[in-house]
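Common to both upcoming complexes is subunit A, partnered first by subunit B, then by subunit C.
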Partner chain A sequence: MEKVMSNKRVIALYVLPSLLLLLGIVYVPIVLTGYYGLNDWDGIGKMTFIGLDNYARLLKDGVFWSSAGHSLLFALLSAVFLALYMAVALVLSGRIKGAQLLRKIYLIPMLLSSVAIAQLWLKIYHPTNGILNGLLESLGVEDTPDWLADPSIVLGALFVPILWQYAGFYILIYYAALKNIPASLTEAARIDGANSRQVALRIKLPLVREVVKVTIVLAVVGSLKYFDLIYVMTDGGPNQASEVMASYMYHKAFREFDYGYGSAIGFFLLLVCLVATWIIRRLTATKDPIQYS
Partner chain B sequence: MKTKTMATTSMLLATMVLAAACGSGSNNGSEGSSSGAPSSSSASPSGSPSGEASPSASAGASPSSSEKVTLKLMHLWPEASSAGQFKVVSQIIGEYEAAHPNVTIETEVLENEQYKSKLKVLSASNNLPDVGFTWAAGFMEPYVKGNMFEPLNDLLEGDLKDKFVAGTTEAYSFDGQTYALPVELNIVPVYYNKEIFAKYNLQPPQTLDDLKKIIQTLNDNKVTPITLGGKDAWTASFWYMYLADRLGGPDVLDKAVAGSDFSDPSLLEAAKEAQNLVDRKAFVKGFNGLSNDEAKAEFMNGKAAMYAMGTWEVPNFTTNPDVPQEFKDKVGFFKFPVAADGKSSVNNWVGGPGVGLFVSQNSKHKEEAKSFVDFFVQKWGEISVTDAGIIPATKVDTSAIKLPPLFIDLLNELNNASKVTLYLDVQMKPGAASEHYNLVQALLGKAITPEDFVKKQDAALKAGK
Partner chain C sequence: MAARPRTNASGRSVFAGTGRGALYLVLIAAAALQVLPLVWLLFFSLKNSQEVFSMPAFALPKRLRWENYENVWSQGNIERYFVNSVWITAASVALTVLLASFVTFALTRMRWKLRPAVLGLFMIGMMIPVHSTLIPLFILFQKLGLIDNQANLILSYTAFNLPITIMILLGFYMALPREIEEAAVMDGCGVNRMFLRIVLPMTGSVMVTAAIINMIYNWNEFIFVNTFISSDKLKTLTVGVQNFVGQYMSDWGAIGATLMISILPILIVFFLLSNRIVEGIAAGSVKG
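Take a look at the complex of A and B:
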């Protein structure tokens, strides 16, 4: 068995399938998208090579920058909310009653498909029949907000279900990481007189630091390229007030037949995500990884 | 150990086979999308397969042929939301398959917006279905320019000669070639709830001032005057189009699009008038966040008094068995009211041929596909009105069929129509149409001034995208 596994050809055989898939589904399209972005192309007819004109246009496109602003705001928010998820996970991982049940409750939104969540929240936000406005009316609010139709609040109204959708995912990751901490460490700390807060902040948090780093990258990059709920709930509207980079790319490429420009946006989005990942890595880099055991 | 090695090798083999299948699949996929450009830049490669296909095509024409042919058909009438159309399509397919035992027709059904998106995605990878539906004019132009659709002139000159209502196929023609055959003809009336109108002693409006009075009365009584799904901006466009037509005359919109010039003063007036309606709280609360279906629900629930929508909704108000009869009895319609000093008449409509059938240039079975389209159009003309309540683009002998009164009235209106202005978003090229959606939403949401609205629409038209 060991012989088989150390044979270079066998290793190649094992690696090959996923490598081919990855190349075909991820890397080749990325290269092609980069190429399409250098062309003026409606997605169907003749391509004309125009160099970096699409990118020059991108830099001057006000709608793109406002949608990029929405994406960045959203990325920032989801990173900040990670702290809340960590707090919940810390509580859940402690010995409290009903932790099992609570964990499942938090996880349920993640099991629903995005479209189902979108439909659910469309009902909640419905201007006249919705639960939310019904509640507000029963509390005596006269002029209830049009959650998804008012450009000034639509973005906030969209963030709530998206954050809600992913909360369970991060809580679960943190929970698993925290449960992985050897009990011997926390017990030793307690014997030394540490209280719960100190155990959480001084012992547990430093030990799951690597996990936190990964989740920050996941949350930020995931938010930057977020698409589905926004597409279903507002389609970037009204009047592009909730447009994000990915939905703007979709609209350009598939609604307006501006495939070249859409590809340029897509490629730019990829670069933004890479830069964001790099910056986060730099900011969270630690000189000496902690080793307690 | 030996058996273990055997097991490992056999697993390896299985993985390899799988990988090979997947690998080649994805390779094909990416090749398909990348070759979209080269193959369409030279139209001949896509033409040459048709040369190869022609023997099989001629064989297909003779019924004795037993060669199995599978045609893919994509349509936009899901059973749940468009029961009538779905049934008629299924029936036509059934009859066609019975008459041509060697042909199997596979359908894929998607709702309107998804259908549009999917069509674009498929065209980008050169994977259009053999037969599908397209909208007229600006929508199909990129497909025609990209050599995705097959010209259907031979059908028009053959079996289908003189079958269409005059002026319906033109919207699908480019440079004398007709690339799709319309199956629908629609106009946009304003439906209203007769019960609500009777309750507050209201008459269908003759002028815009009448309409404003009605809106006032309904708002005073806490009834939603007009329901509108502004998230689907094309529905909001109806209101702008009618106002422009009533204030500026029947040709003002056509001229604006054809000349890429949105500077006619009546277009600005119409924008102001639209915001005036919004100020009067004419439209349902939060309309810019509602989809057309959500907006329609307000009308169907009897919560909103008026709803402007194409005649494709008529089945829901007449024949659809899922809608209670007591609601159907409440629905009436009126023609969009005229402006007091306007240049237009009440017999000018917003509307146009709806979707038309196309045959994909890339289809391997073009002859069968064309024969199916031919059959479909004729059969549809015979049964769509009676079975699904859809006005076909082919001529209907009204004396020979029985129809609900609401329907006969509308059909008569169509006969009396002095002009049907094709939907603005269909007239415009995709880029300008998309901007039109945003601008109409912004206009009704009061996010821009009427002046900016016309200025930006003008710029979008001049951009020529």
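Take a look at the complex of A and C:
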């Protein structure tokens, strides 16, 4: 048994194809992005090694910092909205009829492509024929906004479809975690005289702490690298008012063929994601994770 | 935070009486918000431009204009994009689930030293933003002569989805009883035979779950197609739809029909297999 199940040739045969694919398409490019970032390169001509010049340029690039600021804003807002999703999940996980159906309905937008969602919301926000302004007009608003062309509101207008897309995902995860809590624990608290709200806040929430940590990381990192929907809806516009880190990288590399600088931004994005993950884990670290099984 | 109940004099159940009714209303309103934009999309996909502009948003015209669907399908190249999406998604899903099954078997059932390290590599792979790999991948595929070749999509989708697929499979494999292998080895069964004939068929249901999750990701993928494919005839629906909409800016009916066609396969899978989707998302609970 022991011998059969540690047959090195079989293990290599089973693992190596996938591992090589992972290394070749995920890990090697990451290293290369780091390397390209140290060069001046248009993708065709000769690469010139310039050390950290791209990063020095990054530090002084106002558009980059505003892009990073927008990404960070999305990340913070996404994390804040997790509280709302948890509230919904808490209600759903209480004895509510139709909870199964509701959480599935909430999930639908998350299954659709960001491109389709972006196109649909372009129509919703359409200044003259969209349903949003149609609704506002029927309520008597005369000066209806041009949601995606106004730099002062474009970020908010972009954030709404993002919420719409991901709400169901987080509700689902929280709901699954809450349903995993053994009934014996909540029953015991009820017998001791706790009401539903107390059971939710004092028993259930602490027990799903680990899941909350994971979702904070997901929400923050997911927002930091957000791209598709913004690329389709505004392409970072108007006048770069909705540019985010990933879209800025894309523009630099694939529109301006500034591969070196684009790579530096891409590598910075990776570092920001890793650092954000690390910080969130540190901030939410607990000495005595609650065990229940 | 202490996990200890505290009695609260003013603590009245939030679910009681009228509170419960209000809560229901909020929950149902939220569900409506999630669905109404899609209903609106369906409605305007069945109108012509004039009807879109003159009729109320949630009203249907007397004659439903299904010809919008016919027109975009045949004239708008949507058929080609659709076929591309189907075969690229199918090939990537099959390759990913198969490769991930081999890896997961080796990771959970076999004994070897580098096991934790390899598992770690796959799990960390889940955290790497695709955007940070985009430029080198573009150059790499160019050097390999794979730019503007659908093979680059299948390779990329497989590589990037292996981690989450392994994660979905992992729990199921770990729960398989050891006796299965012991019995197989007693019978003089080799590892290959044991895996392919006994273990793999047992994982059918979790493979379906993993396949559905993969299908959703691959069907919806945008940035790789947008970057690595330049010929129109090789593009998939996400990018094709994008091009199409750019061309037919003001024809709302055509755009609506195109968008409906692009999301329909996902909606059908959702209506048939929503439990599997829920299960897969909960088990993988990553990626965005």
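A few points about this structure:
Keep this in mind: the second predicted complex is superposed on the first by the 272 of 293 C-alpha atoms of A that agree within 3 Å, B and C clash if a C-alpha of one lies under 4 Å from a C-alpha of the other, contacts with A are read in each partner's own complex, and residues count from 1 in each chain.
Throughout what follows, a contact is a pair of C-beta atoms (placed from the backbone, for glycine too) under 8 Å apart; a residue touches a chain by one contact, two chains touch by 3 or more.
Just so you know, these numbers come straight off a predicted model, no measurement behind them.
Aligning the two structures on subunit A places subunit B and subunit C in clashing positions. Of the two partner chains placed by the overlay, neither subunit B nor subunit C lies in contact with A:136. Touch criterion met: A:192 reaches subunit C, while subunit B stays clear of it. In the superposed model, A:10 lies in contact with both subunit B and subunit C. With both structures placed on the common chain, the touch criterion links A:24 to subunit B and to subunit C. By the touch criterion stated above, A:77 is placed in contact with neither subunit B nor subunit C. Applying the stated contact rule after C-alpha superposition, one finds that A:160 touches neither subunit B nor subunit C. When the two complexes are overlaid on their common chain A, residue A:43 makes contact with subunit B and with subunit C alike.
In the superposition on chain A, contact is made by A:255 with subunit B only, not with subunit C. Contact comparison for subunit A: of subunit B and subunit C, C touches the greater number of residues. Look at A:240: by the touch rule set out above, it reaches subunit B but stays clear of subunit C.
The superposed model shows subunit C running into subunit B at a single listed stretch; among 61-69, 187-195 or 259-267 it is 187-195. Shared contact residues on subunit A (touching subunit B in one structure, subunit C in the other): 1, 4, 10, 13-14, 17, 21, 24-25, 28-29, 32, 43, 254, 259. Taken in their complex, subunit A has these residues touching subunit B: 1, 4, 10, 13-14, 16-17, 20-21, 24-25, 28-29, 32, 41-47, 122, 125-128, 146-151, 154, 234-235, 237-241, 251, 254-259. The touching residues of subunit B, when paired with subunit A in their complex, are 1, 4-5, 8, 12, 15-16, 18-19, 22-23, 26-27, 29-30, 33-34, 36-37, 40-41, 117, 120-121, 123-124, 142-143, 145-148, 224, 230-231, 233, 284-290, 294, 298, 303, 430-431, 434, 438-439, 441-442, 445, 447-448, 465. Residues of subunit A touching subunit C in their complex: 1-2, 4-8, 10-11, 13-15, 17-19, 21-30, 32-33, 36, 43, 88, 91-92, 94, 96, 102-109, 111-116, 119-121, 123-124, 129, 131, 134, 164, 166-169, 172-173, 176, 189, 192-199, 202-203, 205-207, 209, 214, 218, 221-222, 224-228, 231-232, 246, 249-250, 253-254, 259, 262-263, 266-267, 269-270, 273-274, 277, 290. Contacts from subunit C toward subunit A in the complex involve residues 1-8, 11-15, 23-24, 27-28, 30-31, 33-35, 37-38, 40-41, 44, 52-53, 57, 99-100, 102-103, 105-107, 109-112, 118, 121-122, 125, 127-140, 155-156, 158-160, 162-163, 181-182, 185, 190-192, 195, 216, 219-223, 227, 237-239, 241-242, 245, 252, 255-256, 259, 262-263, 266-267, 270, 274, 277-278, 281-282, 285-286, 288.
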